[in-house]
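We just call them A, B, C and D in the order they show up, numbering each chain from 1.
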């Protein structure tokens, strides 16, 4: 039971995903289709973000004592390698940052960062889709797909 | 919505703070949470709010569509230009470490008298400078794009069916 | 600067696109677009010529792999980039007159910017070694192609673009889900790193789900048979130039991504031995070839006819990929190249017809062979390539496919494949008869021959299908090198 | 010039002709046609030079390059191909002269396209004749199909379009569906496609890569895949192609196209299977195992008889000749399928004999059409008096086709009959004899009716076709008789291909 309930975030994701997908498939109204598409995309954002969250973890901000110094001094590959390693460790959920053995648990920032990009993509898609719908309405005078197809068939 | 004085006044009061908050988010981007995208959206929110309340002509005066269109491109160019600059300085694309300039990075002695904790950096360099520039570019583009989307939809004629 | 070439492929068009918006002058932008496209083509040529010294990898921002984003160039990606950028360049050289007629002047600079962005996205998908980056570039190319398609003259164009957008976004989101699940399992996004970590994970359920999502997502993007519904409308209603470019390159790049997915990330053992994907692919592609070719026979619009033929041709590529031996993979990869040339060329011919006749209905094209002899002849040559007549590029890939099917003793596949190419004879020859041996239609009678500025690029592409039909060192030869290097990765698993 | 150079010069000449024809174009037809004639004469001279080398035992080779890894475009000249090339290039001269008379007499359109396609068909025929491997042969074979399509649909009307559709449809379908499959199969089994004396499939057969039964299936794929050989039921394209102008029917459907088909079948049986493999592989258990090619022999026999019978029913002269061609082509296929050295030589000989005879008949049909505007045999009553030269030539050629001395066809039929006896196929011998009778029945009445009519009924308003038409047909008619006296020479020339097996 706990296994099923403990994964509640996935249940939510799946529920949203299917809701969105259903709307995309079933709705004739173009705007509603786009809304469905948005819900569908959002569910994926949630999937990523919940995946990155580590229980009791905080935001992954490096303390000045650690991050601040290292940034100014190290360069290039060394720097990158260390940085990458941290991120990588964070990805696995248990993080041991800093030599002074301060055990702090961070959430994995990468999924959130990825989603930032995906959100941008989503916005662009939605904007473009809406723009297309506006043009369609100007041309056909309706945004009901079945009516549009009917008009196309007749013309 | 021109005829609701309360909304007009409140909007006028709100907009400076929205803009200020946008700036905060923008310039905090290379230190902590925040950055160009969020800042851009906040900025654009201010413009859109203005447009909603005072009408499209008013906001066109503040941010002419032509300018906004060019800004979209400009922001992207700032971003890519930063990467290109790194390349021209001998590194890989977006290798910010190439942006180290060694100019006024430490606080000058003349300013020692300032009270409080002394900041680490005076002028950002390397990674900080790179991220700052990139975020700036992103901020400009996002502001412009968001506003442009608003313009595009708000500027359409009403269709009569 | 030479070591910077991999990133320049992306950066140059990416920076040029916003620059165009700033410039805004129609003529200047056109000139710059052509300049950029040819430069990028030059870079990809030099990248490919460097392949004999081994693959190149480029670390973005100096962050080493697997932490940073890596651009990696090997035979396969260099080859695909070469023909994508090459066709982009030749199509844009051909484009001005056609665009002048079909796209409103105020939109030209935005059109060229979108064109470059689309190319950037396609090239990026090829070059990047980071899985999430693939998604980003996929969306860049898709978004710009939605925009380009919606610029078509008829009012159906926006609707076709919107349909494509909805289906395409669902596909891309599926791909994104797959990436997420893979990331969850391996904690990395670098393709090579994922591959090595997946070997440790015995095929878990997550892996299966991830694989399924990504495969279906890409199937939508490459218009594999039952998921192809967006393609005919999108190709038909887009401006001619856009159709030339997208039809020649976009689906091929998705096929490329699919090859990477199977051969680099999941390994063919997983896809073809543990899962019966090879049989499924064969079934899908054969059914697709037959259904789409038959559909092509019954079309009355020449662009839609070619669109259905594209759906069918994707089947041949997948057929080759599903064989998972050097021969089959070589056939699949070289068919990507050959078909890009042939279909690009044929759509360029169609663009010439659109310019001079103004209609793409077959009945309006009747007798165009008299008034537009050069254009019509280009159709014949390209059509022969599509059918797969010897000495044309199409024959090379079909021959490779046939021999490798026989070497695997896939008799039914070989026979069905040959029978299916007879369908191509029917739909190509139908048009040939209409062009040459029918009483001229009202529109075709008064048409003039297409301008040289369009005919010369068309003939370069069509001519190259003959050149690469007779001389295959740089088409099938490179495809074979790519296939070998792909299978070299999986040789440990004992795939032949 | 070395023989190696002669090969590529020979193949280059038709290409030059294409270029010249296009450059000169409609502007000055006289120059265009003299170019074609000049080049065809040059080509004939080159092939005779080459023939000198080849018939004295040389096997010059010319490699053009690798088209695909492992698949070369290469040319090697051996006697059978040389004979075919000689026939094709020699008859090209005559056909060109004839075509000038015919096309001008008829005011045909699109003559530039006509001559260009003609030259490219000759190019394809030469490439096929010289092909060193099956792959090159296939490429040339397809090139032939494509380049002759515009000739078939030359008139551009609905009937021509329909004929062209059948022509292209059957030839392309069979070659793609069967021929290509057969080649790919051969390649996967044998690892080579080189034409090798003694065949390349014997070793894989011993190694068990291909069973006896599969060999038979492969032979079937080849026989049906080479649709140009017009084995029933894939013969429909040949009558359909008769919508073409007569010179086209003459050269292409008596010489180049159909002969490429049977030539390919001979090549395959001699150099891919090897006649020993065909004749020694037996299918079935028990006391009476059958030869693996038996079914093909009987199919060819059936084609011979059925096509002859169909020919009798045709009143249109060209249609009758077309079905006669189907029947005659099956002789050659029969020779390949019987796979004895005599039958193979007979088949090879028949390529030359039938070509010269049948082209004469077609020339005559065209001349009658030009001179008297008649296409139906029933209308030709008494024409012999008006057109004595034409009908006389017709009679001579008829003798050769039937296989009566002094027609050249007598020899090839003789060797084919020998082949049937050697392999014990007495039913086929009977078929050959019956078909000769049928030939008499459907060909002889034509000249007889033309000459043997009372003078009163003779319509005297017709006269001979232009000299450009009549001279070539007289030459070929004489040629078909002359060949009878050179039977021994041809036999000696072709002997190496049959004896190379061991």
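Everything below uses one rule, namely that a residue touches a chain if its C-beta (ideal position, glycine included) is under 8 Å from a C-beta of that chain, and two chains touch if they have at least 3 such contacts.
Every value quoted in this text rests on a predicted model; they were computed, and no experiment measured them.
Shared contact partners of subunit B and subunit C, listed by label: A. Set side by side, the interfaces C-D and A-C show unequal numbers of C-beta pairs in contact, with more at A-C.
Put simply, the chain farthest from subunit A by mean CA position is D. One finds 44 Å separating the Cα centroids of subunit C and subunit D. Rounded to a whole number, the gap between the C-alpha centres of subunit A and subunit D is 71 angstrom. Per-chain Cα centroids separate subunit A from subunit C by 28 Å.
Per-chain Cα centroids separate subunit A from subunit B by 23 Å. Counting partners per residue, subunit A has 76 as the residues that reach two or more other chains. Touching of two or more other chains is recorded for residues 95, 97 of subunit B. Counting partners per residue, subunit D has no residue that reaches two or more other chains.
Chain contacts here follow an irregular pattern that is not a line, a ring, a star or a complete set.
Within the complex, the subunit A residues that touch subunit C are 21, 24, 30, 33-34, 37, 40-41, 44, 47-48, 51, 76-77, 80-81, 83-85, 87-88, 91-92, 110-111, 114, 117-118, 121, 124-125, 128-129, 132-133, 135-136, 139-140, 148, 152. The part of subunit C that touches subunit A in the complex is made up of residues 61-64, 66-68, 132, 135-136, 139, 143, 146-147, 150, 155-156, 158-159, 161-162, 165-166, 169-170, 173, 176-177, 180, 183-184, 187-189. Those residues of subunit B that touch subunit A in the shared complex are 32-33, 37, 95, 97, 100, 120-121, 126-128, 149, 152-153, 156, 159, 161.
Residues of subunit B touching subunit C in their complex: 69-70, 72-74, 76-77, 80-81, 83-84, 86-87, 91-97. Here subunit C touches subunit D in the complex through residues 384, 387-391, 396, 399-400, 402-403, 406-407, 414-415, 418-419, 421-422, 425, 429, 433, 436-437, 469-472, 476-477, 480, going by the rule given at the top.
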